[in-house]
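We just call them A, B, C, D, E and F in the order they show up, numbering each chain from 1.
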């Protein structure tokens, strides 16, 4: 029994609040338990310099936390004048993950900017960001498909989840902040709707892990991703089915 | 008749969603029409270097907009590596305004950090920030009063509003983004519950304004502030009345 | 009787030393009592990106203080690697004020750079900067009028002054550093030669102020602006009269 | 047959040039094929602020490439004034990996600084950095063990290698730059001498990968790590055997 | 005959305007022809970290140019957010030069901050800065001698001058901007009142120079330094003679 | 007799390891005693903005030290986010020195980037950088001469050396770190193969120096430069003789 009463292989309650902010082309507030992230997708009609004239699009992400998303106030990165290594790692991860399920040639010479702003954090902010950003991105791209007549470039569903080995060596799905702080091993998994891996990042700073433990963690992650994608399907409904 | 159907002297609908984020000592989501700002107040048990050993507290504010709070995506200040002049002006204004209604000696050697994060913008973000931040600050300070047994240091209510002269020379209260873009003269007024001025910032970039126009604008602002403080009173209820 | 022997409504001695630096198109050393600011105006034959192709000009200002303009040496902003919020606020104010009396379409696609460098500070540096910068700008623009045959784009005189409420609640015009440090309320007023307001910034960090006090402060400011504009008229002489 | 004539499961020639630079406590030049990295370990007698007084040590890493380590000259990060996201990711990875095989309490209140400077790059610079840095760190720590009489805090061997899926879907060990550029899937694996995982980072930007492919990649990585650790054992010889 | 009518070995008119700014402990406006530099000396009662507890003082310098000190407006270093290599070179040179004629142990644990702000430039700004800063420093130190009763720590006079080889291979003393732009070889020489070298920096970007040419340039520099030190002696008068 | 057993006028052992790094157009590892610098020359087919369309080339240099090139670890300039004044001075010096022996018009609209990375420091890193960078540059330019058929633009040999006055007033050639730390006077001299001066930088922070001492130092420097250029000639061999 976990500290919040969940089963080992149970997700926290997930909600997707679509069209949360009015200006972006796609906007979702994702809540995974007490973790809440505003995911906005913006479409820009040009690509970064390294892609100009290639006839392909690009997807890039930025991630940030409000200073009091956390229990102790953290200093604003704009005040420090630089973005931390942790933030850079996360935004690079979100961008790579989303690009894996979009046909960038079908997208055309456009950039999709993903902004993930964590307004309340309780563990799993990077995986919640990917799962929510996917939904915001699909909404934004659907508008493009409709208004510009391009072929739907999204090729699959996509979600992310954390798994880990707790302080008593128990296997855990979707760790909250307390569990994450206590964990011996922490792994983030990004998978598609067809069950393929996109990213796998496992780290055992407090402890190493065996091949067998890895296999058990991956089983747990596959279960969690499957549940998340069902929630995405329900939220996106007709939208994604008609466009795919 | 204004573009959103309001009277010249009518505020947009205002709502105060208390305890919006769970971690901060005080947290409010303020909505003024389509402008939405998360206002968080954090208490830190020390003061900046220039105040150490003076037996007085400090209140400081930071302000930021999500990139897609606006119609066009704006670049994140953390990515640019510096805070804009506009942001600095606003956060200095919020801090000064709040300090005017708090007895810093009663507060003791503590800093109150105010974070105003605009998640959706439609004009008047700085005045909404002050009006919302006041409420978040009172909630945070009330907890201090209760837990530390200090005497209530908040000395008055405080709210802020914009007034302006529109493109057809009409006087306007609480300008939305469209009205603000078209305005000839724009003025931000911060006042207390007892009807005193705290800050007055009027600017006529497109046009100058006469002493008589100034007087009419101030009449309008007084009316708006009065309405806002009534909303604050209702939201804070017992909290402020019992602590004052 | 004030600490330097002035009447409440009396300006400090003002001098305008024209053509102080040889390179700029317009250059003035303004002294207001012990406050001394070098105001240089430079003309550049292009506009910032947001104005390109609009057929309009732009006026922008930078403000700085020498490290020992003040009683205690302050750290150079170039050494700190960033410009303070106070500096940004002031340079934005100077730019807005000057743009209010110039017809930017008559100016054509040119930028006027105003540099206000305070070499000695004794209160009122931002208002002295505006009053002096106006004169430097007129000199620079007059050369343009002569050499390029454009129509004189300067539409009015412009000056700025501070007023305030002192520690004994006395109303004061043109506060020096000591008076400014002691003041309960501080207000900066920018007005045109025809008596219209351009900017009004009043702040009561130590105290709030009533509508009646505001009115008395504005009366005082109008008197001071009138005196300053007379000094500008004398200094500019034929220059402005023939070109207007 | 691979472009450089290797078998699919064959490492590039590896050499470890010990004591390469004279000043550091530990120094190694590691060559993995044409990739060459100077790995220096420095010992500092204090820890970062977050660990002070905890009685534990710390290990941190910095990574950099000379501008012409690469085929095209890259801009120096000191000239740009900021460290890229890629660099931050790599230096965080190196630090975490090394900390996993050191008992930080035995190390005592000391920091080991690892500097990995790539002087020539041909793929696999982050894994070569970890493998070489481990050796430099052991040399530095051995000196501490000898001079300070602490118990040997290094608990296991440690090496890292890349595996991937090539453009023709072939599985590859230790990809060079050309193979890495062409790869569909790229994975970096850090393991200990006892065959446990420390870090696992797999990414399929061009393609996703199945659970079965993951298993084949991990088999390949285990083989490569085993070979690397044998090379480390030979290089460290008595040093590590007598101190463990 | 030179472009401004001087002899080859003739200085431009030099003036030293003592006590130019009221706040600093020492302040001089030096004019060398059209080059004008405000030199301020400030005394701080502590030393930088690397000297704490050594019982010695320190002298450090900062140098800056107003944007319109030059013919074309240059961007402010505070706006660019960093100090240029040229500025750093010059401020390091000024600091070293002044330290060479001060007994830092007699100075005691104090820092003298030298600020050289060029308000108008016409060549030779770094040498004018040194010559003027020496005078400002002596004034500031004299006050220390008087108020703190320390023994006079200034050990000698100090001045600096430029020499060069012009476009027609003529030898020139004290080059103005035009001459400096045309010069084949440019050399800055800092010397003491007793004729010893403190700094010698010669550079021949457009041309190299022979040992014989070097000797002729040094003869010229010695003559110029001698003239400058006579001017310093006259300006400082009793001050330096009674304190030495 | 010097601390490392050399004569006063004797260089440390010098070696030039050509083609040290495989990617750059020119690459040399220069060792001067225990000082080791990797000098890479890169050719870029465009020039900086200020030279565009002038039909001339440019040579620019960057200099850096690995953190443990020194006895105590120094902080990486990329981590500090800015390049130090010392680094800037050195890289400006290297660039100027190399430009003095290249006909930039013959070079054509190309930039040669010189990167000098000190991997081990024991005094004289800036002079070793110039001497080594010259060789790397000649190798790179020779390839241009061959592949593009331009006329050889290198006009002379070039080397640099330090001379100084030691703590016992002895004259010293090629100071190592210990000698440099103890020296009263330190001078860096850059000369051509035909015995002309390119740069001369002498500084006496601890002591001043007379005209006669200067002459003795220059004699010593000429001897050292002569020896260095003989070593360059041997290393470059046919390369430079056939191309000149």
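Throughout what follows, a residue touches a chain if its C-beta (ideal position, glycine included) is under 8 Å from a C-beta of that chain, and two chains touch if they have at least 3 such contacts.
Predicted model, so just to flag it, every value in this text is computed and none were measured.
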Item checked: Between chain A and chain E, the fewest steps along chains that touch one another -> 3
Item checked: Shared interface partners, meaning chains that touch chain D and chain F -> none
Check: Which chains are shared contacts of chain B and chain D?
Finding: A
Check: Counting only C-alpha atoms to place each centre, which chain is farthest from chain D?
Finding: C
Item checked: Per Cα centroids, the chain farthest from chain A -> E
Notebook entry, point to check: What is the Cα-based rotation angle between copies chain B and chain F, on a 0 to 180° scale and rounded to a multiple of 5?
Noted result: 180
Note to self: Taking the mean of the CA coordinates per chain, how far is chain B from chain C in Å?
What the structure shows: 28
Note to self: Quick check: how many Å separate the C-alpha centres of chain C and chain F?
What the structure shows: 51
Item checked: Of all residues in chain C, the ones touching two or more other chains -> 81-82
Checklist line | Neighbour-by-neighbour ring order, given that chain B leads and chain C comes next | finding: B, C, E, F, D, A
Check: Hey, which residues of chain E end up touching chain C in the complex?
Finding: 21-24, 27, 34, 38, 40, 42, 44, 62, 64, 66-71, 73, 76-83, 87, 113, 115, 117, 119-120
Margin query: Show me the residue ranges of chain D that touch chain A in the complex, using the header's touch definition.
Written below: 82, 84-86, 88-89, 91-92, 96, 99-100, 187, 192, 195-205, 207-211, 214, 218
